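Letters A, B and C mark the chains as written, and numbering starts fresh at 1 in each.
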Amino acid sequence: MGKEIERAGFPVVVMCNLIDVAKTVGSNRMVQTVSVPYPLGDPDMSPEDDWALRKHRVEVALNSLATEVDEPTVFPTKI
Amino acid sequence: MTKKAIHYINQFFGQVGGEEAADSKPIFHSELVGCSNMLNQMMPDVEVTHTIVCGDNYVTNHTDVALEEILGWLEKQEFDLFFAGPAFMAGRYGVGCGLVCKAVKERFDVPVITSMNEENPGVEQFKTEAYVFQGGRKATFMKDDMEKMAAFAQKIVKGEDLKPAAEEGYFPRGVRFEIPHPEGTMAADRVIDMLVKKLNGEKFLSELVIPKMDKIPPAPAVKDLSKMKIALVSSSGVVPVENPDRIQSASATKWGKYDISKLDKLPQGVFKTIHAGFDPAAMCAVPDRGIPVDAMRFWEKEGKFGKLHDYFYVTVGTGTTQAYAAKFGREIAADLKEAGVDAVVLTST
Amino acid sequence: MRLEMGNFHVKDIVFGDTLSYSNGVLTVNKEELLNYVKEEEPGIITADLRIVRPGDKVRLCPVKEAIEMRCKVSGKSTGIFPGVTSPMAQAGDGRTHALKGCSLIVVGEHMGGFQDGVIDMAGKYQDNTIFGDMVNLVFVADTNEDFERFEQQKKNKALRWGGMKLAEYIGQCVKDLEPEDMEVFDLPPVTERSAEVNALPGVVYVLQPQTQMETMGYNTLIYGWDGNHMLPTFMHPNELLDGCMVSGSFMPTSSKISTYEFAVNPMVKKLMEQHGKTINFLGVIMSTLNVKMNEKDRCAKMLALMASNLGAVGAVVAEEGYGNPDVDYTAALVELEKIGIKTVGISDEATGRDGGSQPLVSMNPMTDALVSTGNVSQLYELEPMEVIGELEALARDGNSGGWEGSIHEDGSVTMENNGMFCCNHISGFSKKTCADF
């Protein structure tokens, strides 16, 4: 899905758990998520930490859209 | 009952001429020409009714016009199968056969059968679009190659079970299906056999060969993030609780588009995930964990980017075929273009 | 560790007054068994027993579990499912008696779910599951587990536990009899093997049972412990053959390994058979399937190192599941290959309705030796048959292989492989594969 959107000319950042998979389907900008059932958050965390994690990873994703890449790139996250 | 077929060949085999006639336009013969006769005689249950002859340069250089002419004429014919070639090693002929087969398949949804040598560039380009049989290098293989095509067409019209590509003799079309193991061997025995061979450095055949994937060049980065309109797209299955578009929880054939212009987050109880591939509890409790509307809104208010698009787009990723996923991608891209969106954050599970 | 498996080859099961086994015929007293199981599992409100034989035009749906009927004769464990239906004890030594060529199948009387399945005892799909080719005692029941009655994901606790207890209760009837034949599984500790055996290539069996559910009560159990809470663990193959594993209640059923197959595991048996001939079978690495990427990564790296520390040069990796778990599967194979351990993988594929989807979610060209046991997306057209259970469960209750409209007016069915009970037999029983078309 992301591949076709990117083919249409939009920069796309894929936030997903399975980075390996994202690479094989041709994603170019990627951000690691936590897990499949809860990509951006973690029910084991406090609501504050859950929100901080989501805010942070979305920020990394937004930054990636403004970053030129030559090849499939995983943008590192801190939390 | 006899089924009808139409056969496409190039200017050379259609007896128009050689290279000098390669620009010739399509000619439609109701009396079979050249090798079409041989093909017709090979099939007791299929009657080849017409031969289409077209110049290789014409179909490859003026594809749209050529196909329009051919498809337009075919509209008026009755046929159940379509043949092209064999094209051997002839590159332009192979591509021509491929182009015509693909177009016929798309318009009329009938089985399309052709044949090329493995070195013909038409194979790579069209093997997923048609049954491209593995053919000889040159025209001396005419009879052999056509026999393979004919035998396969016979099987189709008689409704016989079609065997895997390798057994039938065509290039794999990029689709895989389940079959009984040819020798009826239990999987555990197959594992042992493969393992012992691999340990001993002997040759073995993997039952699933991992192919290489195609890549697309990265889209350029956005220039000034603070002015950009960004959309959220997702395969997480997060939808309004009543799932108004009835998107399936697996093997989805639809996507949905939902208004978030008045929302700062996706409230529990208003949105939920319908994704069947995992324990939905954590995402239903905080739907933003699947589609981060709250975090996007936060960064929008901070001025990090210009505007969050008023709608998010969503489907369910699990079991969805690549064909559907690609279709969703194209449809969503068209919608995004119309809405003036600049970039996309796609969350997947 | 030495395990003697005393076999009794069941040709037929009949109802009668006394639970007994004689000359290939297992006789069961319906009333006695139903009273027993209701007493043991008070959650069961209605129950029946049926007997189905290969060739009977009968469809079982929704099937929840299949279990081999056994009893423990001697050894450390007192029961056939230690840590689950009997006190925790080591499985895999002493003697166990088993009723072979038959199984106890658990069927929901009404309600099914995502993880349940279909078995046909006749017709085109009879051979699709091994259970279509054996005589089965079918335990069909309903429970008072109202909290999950309309849930797509069901723990099926009362039914599964009822099934295990019945299997053991029935198995007791051969406890004091002389087995018709005996299999002996005697694999010495890794460091106590002869020079000839040590000269053979060391091989481990890496099993990735389905353990992805983070809510407890759904995953595969190892000695009653939820596999989600495990790291890769080294085990003796006898432990598996003697009932240390109980199948979970999560994952589309065709990719599941039933409790029957965990204990009659043909892959383990074949590896044991080859031990001392072509390989030195070092043992089993029990791994997991996880949802978090860091958990997948941790397990893949740890299991590879464990194999290496054991001196393995070869490994068989089996994945109970498909889709997301393919990531764990490919990662395990790749980590092993990276350190020079030659791998063979066994799993099924999901190529989509049109056959054109990527067969595994995660793929890596380093995995160059894969055995494919079936395709979860394959469409099956089932002829009408008498149903034990409730066919509607396939269409109504969110079964992974059924949908609204799966069941036609005449009782025929269109479904995906996904919903046929354990039919891709990742345990190694599968006689199917996939091919390019």
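Throughout what follows, a residue touches a chain if its C-beta (ideal position, glycine included) is under 8 Å from a C-beta of that chain, and two chains touch if they have at least 3 such contacts.
These figures come from a predicted structure and were not determined experimentally.
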Considering only which chains touch which, label the overall pattern as line, ring, star, complete or other. complete
Name whichever of A-C and A-B has more C-beta pairs touching across its two chains. A-B
Hey, how far is the Cα centre of subunit A from the one of subunit C, in Å? 36
How big is the gap, in whole Å, between where the Cα atoms of subunit A centre and where those of subunit B centre? 27
What are the residue numbers in subunit C that touch two or more other chains? 214, 291, 324, 358, 363-364
In subunit B, which residues are in touch with two or more of the other chains? 277-279, 281-282, 349
Among the residues of subunit A, pick out those that touch two or more other chains and give their numbers. 17-18, 24-25, 33, 36-37
Residues on subunit B engaged by subunit C in the complex (per definition of touch): 162, 164-166, 172-182, 184-192, 194-196, 198-199, 204, 206-208, 210-212, 248-251, 276-279, 281-282, 318-323, 349
Please name which positions on subunit A make contact with subunit C in the complex. 17-21, 24-25, 32-37
Parts of subunit C lying in touch with subunit A, wherever the complex brings them together: 214, 291-293, 324, 327, 330-331, 358, 361-364
Write out the stretch or stretches of subunit C touching subunit B in their complex. 114, 152-153, 201, 203, 212-215, 266-267, 269-271, 274, 278-279, 291, 313-314, 316, 323-324, 342, 344, 346, 349-360, 363-365, 367-375, 377-378, 398, 400, 403, 417, 425, 427-437
As the complex stands, subunit B meets subunit A at residues 213-225, 228, 230, 233, 235-236, 277-283, 285-286, 288-290, 292, 294-296, 298-299, 304-305, 315, 325-326, 328-330, 332-334, 336-337, 341-349
